[in-house]
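Structure record follows, encoded as structure tokens.
By written order: A, B, C and D. Residues from 1 in each chain.
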């Protein structure tokens, strides 16, 4: 843990000038990632940040660790290769709603189901930033953009529901400007063995400002954010307007909680991130504004062996059973014959 | 409806000799599709079958309709293009667990969320047939194949859960050899506006025989299949060993049903395929052998405008508001000037 | 105050430069419009920063727009600007070295603070030194601008937003451009205080020129002798988008654009999305593969399919294109080339995807390849591309580039009646229908679309039996189909106009070009000829197949020089095809050719010869 | 019974043909093993049906295996078999026309039922007519086989499964091959009644030859004068897989294979998956893009990355490969070519992806391209490919093909000590480390891998600043980096052995080939020279860069002929590079060249000359 105590936030800042638009939510995420890194007790040289293409995918350039800014949508596949051959590395994937869920959806799906031990941070600003403002697979129906002047008509994909549909073992959501929550979520993600999928609600002031204003703004946050805590009832809202989430035969609904009333006896569900079945977490993932609050925190965290470890075990088993490979032995296996002078 | 009464199964059989291995489940699916087609009252020339690559994807060659055997994993995208420009056609996509969920997972995801009015039949034999027997994304952990001699280690994706994670409006599962159920499911899929996603459990006697034996075999089927029927309780099993599915705060469990006992009062859930929230259907999608039965039938069927219609509406609206486009008007729009002799 | 002196000039090149936030592109566009109305010939070149919004005042954030206008006809935005209008030190630093020695620098004096000099990596104030080499005029732009709007009680931020209009007004005065079109535009575009502010600032800038001592002289550039007609300014991407609309109109078939956003192609998607009332449908797909697949699907269903992309996206489409080659379905794939390889320099230009277009698919997979020569030409190339696609039942690749896409030129608006029409005839007769029977001349197979009774058939990517189109693995048939796919495309050459040579039919040196280098090449060759050099040029719109007489034309020249923004791709094609010693004049800097660079190349070759 | 007569032959080619269910490939492989042990030189060619399992007895379901063995050294499976063993009418029909006139047909008499004749599209029994042209021997194979196993009370289905062993036993008798290796294999592979059944049937077939009147003569093919050494049979795909293992062993780095199944490349994945005890990891990815990305990721992390695919999959990898070109990371991409375009003829061979390998990426994106010449050569090529990749920090493309992949040849097992080793040195010294500083000779950048303190750095697909490796958009730097990427690959030529010419150093005709056509070309040239024709040949293993002296070698010949299983791709490269009038001898039938076809090509050229 030496590194942890000695390294500081500055140690994780590269010499590259950070280039996002003024006010971009990415700045806050970067700052908080750099803040928590030192706590992990991992030598800086063992971190790798891998990204695709997008504003968010510029992230690795600003981290003073190893970094690979790859191509659009494929970062999880590059990261899988790294982790397969170097389980000793702490590999973080940074992607966007376009990079990760449009062109890259399939790699995300398979990386998640394999449960490769990666931290995947998906910056969801519900727009294509780098290409100057087209709608994305997470954009709301009706959103007017350069590519949808009459409004988007396709039904959006929800990153959390998608990840659960891919049987993710760790799924969380947090907010770019909520430093404390963001940092805590990163800690949880780091601690999770296997794929830790984190959706970060991120503001793009230039092409989709205030998309998440309800939870970005300190004042409205108390009203609209429901922080998930294991073992605690699903309760949100300010005093006098507290409400809870009830789940009836799989179908969630909102129950008002008069002051002093006990949520649990009012049928409010108690959060359990460790359910073996993803059904409960999925029910939560279906909750969206405005009928429901924005759930932030860990939706699901269960243990399942990570892909690269299972592969390594097969190698070890093979070596144990057959001994380390001999090239000579291989070349001479099966039918051979000798031709003499 | 004339066509419906006159056309027969033979009208839908092409002159191509069918080439699957003896005993392949695909034969039965083909026969049943050819059987139901005449009922739909759609002129034969308005059907298009689009497929990717795989044994299952040879399907279009055997249908005497328009057909396009495209490339690996992309069939839904080709079909989307067709449907966008020709909403009048009945476009069916045939894909496999490898074609649709490995290389093609992303197209399936986006086609489903857009809710393009297609019937998508995914033949799930949990193996790569055409390439002679590698494991697929739906193969069970531990499955030994040519590419996994020590057993597969990656956690499989469940087609139904995947589709619900992509917020599908119609999701069903049926069995290759269960003619009646297969046909009924096809009817329901055809009737659904929007993407109708149907997983067909299919046997590959050559590379993955008996994968679905519990529900393929008439004898065991009564014991292991739970046919979903809207408004009916989730009950399965033969007399004397009847059981039901209860869903408690989103988490499903099995309840034994002594003869004569009333399922509903025993807390058994009543199937509702029309829940606005996909959470309930997702809960069902998480149920797998051996702890649970194989649920067959329609998991979810809700209405949402189909993509191609929404796009057409935008065109119509544009025409209504601006009148049909004039090329001259376009070329001369904005600042122009005249240079005279 | 005595009326100021007026001088006449043949040609002027002005570059506006400032922060991406300063509205440089808008300023340039508006100045261009007034210039067009003034009857000059002109060419423009925007230069975007790669970053979306680098921090204000930094070199990375500098955005530029160059306009070249003249009393004679011109084809390029000019190698070096005569005038640089720099909004801040970074803009000055990033551009000053391009300015013609002795040229005019118009600077915003208020921007030369310590902080801004720092951001521009200037150790010291560069102005004293620059005064030695240029005419430097400093204007307290920020202050004058705030002055002009002070009564309007705008926030300072909003007030400062207008200062580009001050510069615009000033330049319009300096070169006698009318403010009318800009004022009209302001009225259309803005309302309330912003509208008023912009109007006032524009007029203030104009008045400042009139009144201040700083500009003793103003300039007129006489009208150019331009072919009579109705004109507009157009960028390559707009022309390309409109060409797609025109193809749909002229063939009476709705079009589907399958696209996935990518610089510099995205604007075509944006433009087309605005024209749904033409029945145009735009599909923003999940990736380039799906975009191409959807376009091919549209072709299968009997409509016009097209997709627009750039290098990295083009690669992803190759497997789909290959299917279209075997299935023999019409579709147009547009690759608006950018500098690479890989992500490369996304906002910079290059023409290095020619070989990828020709050979980038598995196995022998021929298809027609076209390239526009000017922004306006993008319109006509698209019309031709669609007609080839449907008449020969083949995918067609169009290679534009970032330079053509973004630069503008005055474009003579074609009379719709004069545009080529093509009436599509679908196969409807079931009587001996065969999916792969061929038209005797074009070798095109019939276009038989779903919904046609009696023509139900299946196609796909497996090798096809000649005529019947069923799956076939027989050796001779594969050989024949491979030949047919080749021959069908080769026959397009039959209908191509003979090569037109700019210069003399034979001689010592022929310069062969393609795509966006047209303006620079023709200018260089014309200049060289004017000085008596024996050089001519040919510009190829058809890269595959080549015009039938190309080999013969090449044969009539002693040397062949091929200027390209790549390492010699067309040169390789010409050498392989005609065994001629074509020499490559290569530039790979993400920038278009300067006329001087091509002239230097020409002179080098001819000198070597002599 | 008198001992039968024995004749001596120089060379024999036998083709076994039957239903895919008949175990033809197994029969062929076992016969090959015995033949190898008999000391003959040999070459084999399997021919799979495209369908997985077409209905039994149909033409589509016919599977074939040809073996050519001789007392002299041979390089091809022979143009035409001398003997055809046909298990059913379909097998007969699909193959009989290939058989040398007067050759021997061994038929399963029991299979000539109405039904089977129908399935083979025989209107009438072909045997009478065939007797005119061939020696026809009919054996009641099915019955004799059931006889042999009747005591074993197997199901008839299981019993019939053995009949290929009867044929094998018979052929082994006919050509004096030992049954030993097959018996040994049977004992290893089967148990219980199946083992017994297979043994009995094999011996019964042998005995039948000995006793039946049908075979008055048996044949011996004397041992060939083969270079002494330790031998085995090997197919190209096995050799390729083992070459990957060897590279890992020789460089002391674990390897990661990223692969997505595709014919004919899947077997490499299957083979490698069995060798995890070498530390080899295989990753069956979701698609080819992910497979390539994972391999590049492994390279970034400091291990050996490789991916194996075929045409359609290769296209999908190009964007990832392009990133590796810019990021300058080591990775090997193997394209086992098949007949196309598109899905094409998946089980047939072709060598038409050469240009896609050279030019299939956006912008100028050079990388080394290698091609093995024989099945065994696949092993050595992989060793070289990995060494080039790590020594020059570049992606390397290896082009094998379906023919090499599946055909087998006796292979002299190399002594491990003689295999090239390469010790990888990673950068560890932080002192003035720069990610894009270069090795003075190779121009390779340092391989600095995660886990190394003080070398933390970021790379990606945006253009790199020379030396520092940071993002750079400056024009001159892009020009320089483009040149450096080109020059680095070009320098590989410095270490390539000079071109070795088979024949004379100069002359009238040089035949230039690459890849799997080696055997056919050398055989044809040797035959032609033996008849006094002035022809020589060169076979290229390095397609990019070419050996430095290639141009000079080509210059020494009057004519150049380039046989290729494509429409002339190498020919184009040679013409463009050296301006030599290389002529293409093209075959695009999904089949390898016959020696005679190349001879005909040679004679045509030389005749035209004379």
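What we mean here is this: a contact is a pair of C-beta atoms (placed from the backbone, for glycine too) under 8 Å apart; a residue touches a chain by one contact, two chains touch by 3 or more.
These numbers come from a predicted model, not from an experiment.
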Item to check | Chain located farthest away, centre of chain B as origin (C-alpha) | outcome: C
Next on the checklist: Looking at chain pairs B-C and A-C, which one is connected by more C-beta pairs in contact?
Outcome noted: B-C
Checklist outcome for this item: Distance in whole angstrom between the CA centres of chain B and chain C is 44
Next on the checklist: Suppose each chain is reduced to the average of its Cα coordinates; what separation in Å results between chain A and chain B?
Outcome noted: 29
Item to check | Inter-chain centre distance, chain B versus chain D - centres from mean C-alpha coordinates, in Å | outcome: 40
Checklist entry - So which bits of chain B are touching at least two other chains? => result 53, 69, 71, 102-103, 105-106, 109-110, 137, 150, 311, 314, 317-318
Checklist entry - Residues of chain C touching 2+ other chains? => result 276, 286-287, 312, 319, 323, 327, 342-343, 460-462
Checklist entry - In the complex of these two chains, what residues of chain C are touching chain A? => result 51-56, 58, 60, 259-263, 266, 269-270, 273-274, 276, 282, 284, 286-288, 312, 342-343
Checklist entry - In their shared complex, at which residues does chain C touch chain D? => result 50, 311-312, 314-316, 318-319, 322-323, 325-327, 337, 339-348, 350, 352-353, 355-356, 358-365, 460-463, 473, 475-476, 478-479, 482-483, 485-486, 566-567, 569, 572-573, 575-576, 579, 581, 587-591
Item to check | chain B-facing residues of chain C, complex | outcome: 33, 36-37, 39, 181, 226-233, 242, 245-246, 249, 254, 256, 258, 275-281, 283, 285-287, 289-291, 293-298, 300-303, 305, 319-320, 323, 327, 413-414, 416, 419, 449-462, 470-471
Next on the checklist: With touch defined as at the start, can you tell me which chain A residues reach chain B in the complex?
Outcome noted: 102-106, 109-110, 113-115, 137, 150-151, 153-158, 161-167, 247, 249-252, 269, 275, 277-280, 282-283, 286, 304, 307, 310-311, 314, 317-318
Checklist entry - What part of chain B is in contact with chain D in the complex they form? => result 17, 19-22, 53, 55, 69, 71-73, 102-103, 105, 128-132, 134-135, 137, 146-150, 206
